[in-house]
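As written, the chain order gives the labels A, B and C, with residue 1 at the start of each chain.
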């Protein structure tokens, strides 16, 4: 551990890297279920720096295979989904979701060559509208956690994903760091900033849990002249959950669970499952319809309008394409402008950053666990424990 | 040979590389004759990872020089063709096609400096509408082969070129591999694929020749319910020839000869000389006029239309801009999506891939020949042998 | 010195490089004063391969800070200028122009953390409409030279800047090399080139001075059938000055002083201060208004029009967007097409290139001076000497 480059260990997740082996011990969301329908066009995806093709066979089973055909390496992303698998366009080799080669049309009659091909294939499972895959060693495969936001039926749900052009961890850290809410996301900044001094300072309670970190934040909100209380959670390996709403009153609660999935070391997919419990809405909450998502970035200056938007950064709180995504553009800006992979040796941690230090240490410990043959944190193998998995603490307000 | 990285040796053709030295023992096409006319704008070209400028002097001679002026390295591609050579825009140095410096306008009267400058220059020859250049050592320069498609007068000819964004060899291999024809290029796939099982399997005969490889393929064609017989040829160092038409009847024969010329290790120019012999056409075949060529690639998804084009890949058999180029978009897709330089260690060869294995071994042997001071295969030095060079075998049907 | 890679030493100016340490001993222009007004949007700049943010605080002081906040490395370029400094958008940390951290809104009452933060900050000074910064060691900071073109009040002035996509030095060399004027910049080339032989050859006098190099060039001008005499100057570390006009008559004199400031090793900003003395104009010279500057480059072929523009390169002498910038597109072309960093080992110097050889040797000597603890050339520490700094020689015509 002393000899480990900690920043590299936390940031790099390609095959064979310590962080990559760690991330490969968990089920990772790779697409929305709705993105591939039986027989529809396959989807080329890149996950943990591996090039893959995702498809749904004509029996409805999702498959995740190595992108390049085992024969001559042509992209199966340009293949056709049919006949119980996906067919390579070059010579018609057909693979099923297990990576078995079902056909090699040009090989001689009686050839057993196909049976000797085992194409790279990763198990997939679906839950709550997401397709999860497991890219790790078969003999260490855990259960796919049946998270509350994925399996509860007493409410309405919406799943979505967003692409991010920087390392997964700094974006996850930006979520776990709740303090920024009072500054980055504060609207009417010029009018309210002076009131901040009159409010109490942020108070962050947190503790390590079996899933990761439980965190309760009391944040000054100068627009309402009060402290806001918010529960947030980090869950292994790279997830974040936030409960939004008037927690005190128990009304209009929404739970947002996010998985930060590395595309590669400098690109990330954030999958989100949002759940609105019936009990806190007078009528079932209707999630707004999908709208085009414009990825914020340097190419559009993160929708900044310095003179007209009265926030510190000049990015409005609801930039174009983010009506239901809240502060997404502001968040992407603060996280991405740290660099494609932030150099953590240059940081200066304040008092509230202790939770980030703790999170990193927990992740590093989990990386060592994997290296030394142990299960890392939050691996679920007991079906009883997996009936429903809650990411929450023990306070009364959290039991919604 | 044992210590050689075979994939690198075959793929890399920059100056000083084993594969580069091999490729430099042959004349390579670098442009169409029609691209540079006397005194016209010079053309910047990159061949075998060398930056060069091609021009035609006012006497009509093609010249191929190092791109950067010997004086202060400004691009001669921005020079002017005049006064018996090409003039550098910076200080007016003038070079002829031999790389001799004819003028240095600012040097003092009586200076002999110009005579001491020998700018990099490669010999050029023209044949059949193509400009060929020789980039190798002067004392090993062979004859420019007078190929049938370039010199025959008993028919009509068309020359053309196409740019490809991947390594030359995998594109050449895609041509030599005739088996893919029955799968990649099969139209109405969903309707005809089940008939394939009822047809015989492909049969490939091939043998090594003095020019490279002779190959006769019998391929199942489910659209016509028969086997198609086709002659194809690999010729050194990186060429391919195909005879198209109803060979049995001897009617409407077209011969397509292609040279795969590395721009650099990840980009290729394919030059093509197409010839239609008079004897197989009732009237001289009229080649279709030039039309704009849109390079297929990820930027236009290789013109794929998954739901409407009934091929395995969903790329139509005649995508936009390829009316006379047949299956070009499909070919580029299968060859390029292997990666910029395919990693051949990941392949799994089927029975029909033996011809590719043989071709690679022949090329590796030729690379070693060059390293050890011998002429590689298909070097022609005898003018008698060069009166006309046929790339063909000894079967009666080939004598068209 | 023998072991030094001379081309690298001259070309590379990042932190810690020999050339970078040398360049950091001088004040460098980093922006026009008009680009940042009190409280206006900060400007992200890159200077000598360092990412920085430039702003002007509400008291009017320019500040140049490290781009990434000391806390969690978010870009201060997305911060807000207010309250005596610039505020990070993430958690509201506020920095003044000295890099002192004035506020950390979320830290607890009584925290002394802010006082222990010293953010990277470089001193700035303004003169003549330019903001200069000093990026070197504090104990070696010299005076900001009060150059004639920046401080004279007996005339009119205009400051401007141009971005260049290649190494600073080859662009500076293109300026110091006056000989190219008779070739690169010659209009109606086809009609006048034959007269060149009838004119005398260029004559270049030059000598080393305390600021760098004084140079007097007599250049053949075939359009007027005479020799043109022009004074030009190289001043340390990477500046160029040119006096334009009918020097003999002393009328309509304009002085152009340029600083070539590396953005990084392959990109450059050229700042220019142009001054027209009253004494040589019947009425105060009115500089043309600003117009859009389109950076010339491969993307627009440097505005080349080979068949219609009668210059060697086919770039017209006044390409779009360069009405007041003269030969800018032609200059950028000849300098940039040498490559992002020219490989000087491939050059062949003519007789007039001795001035470039001398300039490089002077720069290399200055680099060694810095390495060995001495002040390099043209460091001014005596205020008396700095009342006004002239870059000129001792000839009568220069005293304008």
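Everything that follows uses one rule, which is that a contact is a pair of C-beta atoms (placed from the backbone, for glycine too) under 8 Å apart; a residue touches a chain by one contact, two chains touch by 3 or more.
This is a predicted model, so every value here is computed, not measured.
Subunit A and subunit C touch with mostly distinct residues; of the residue numbers seen at this interface, under half occur in both copies.
Taking only C-alpha atoms, you rotate subunit A by 120 degrees to land it on subunit B; that is to the nearest 5.
Centre-to-centre separation between subunit A and subunit C, using Cα means, comes to 47 Å. Within subunit B, not a single residue touches two or more of the remaining chains. Contact residues of subunit B toward subunit C in the complex are 41, 68, 70-75, 77-80, 82, 87-92, 104-109, 111, 113, 117. For subunit A in complex with subunit C, the touching residues are 173, 177, 179-180, 182-184, 189-190, 196-197, 201-202, 302, 304, 306-307, 311-315, 330, 333-335, 337-339, 342-343, 346-353.
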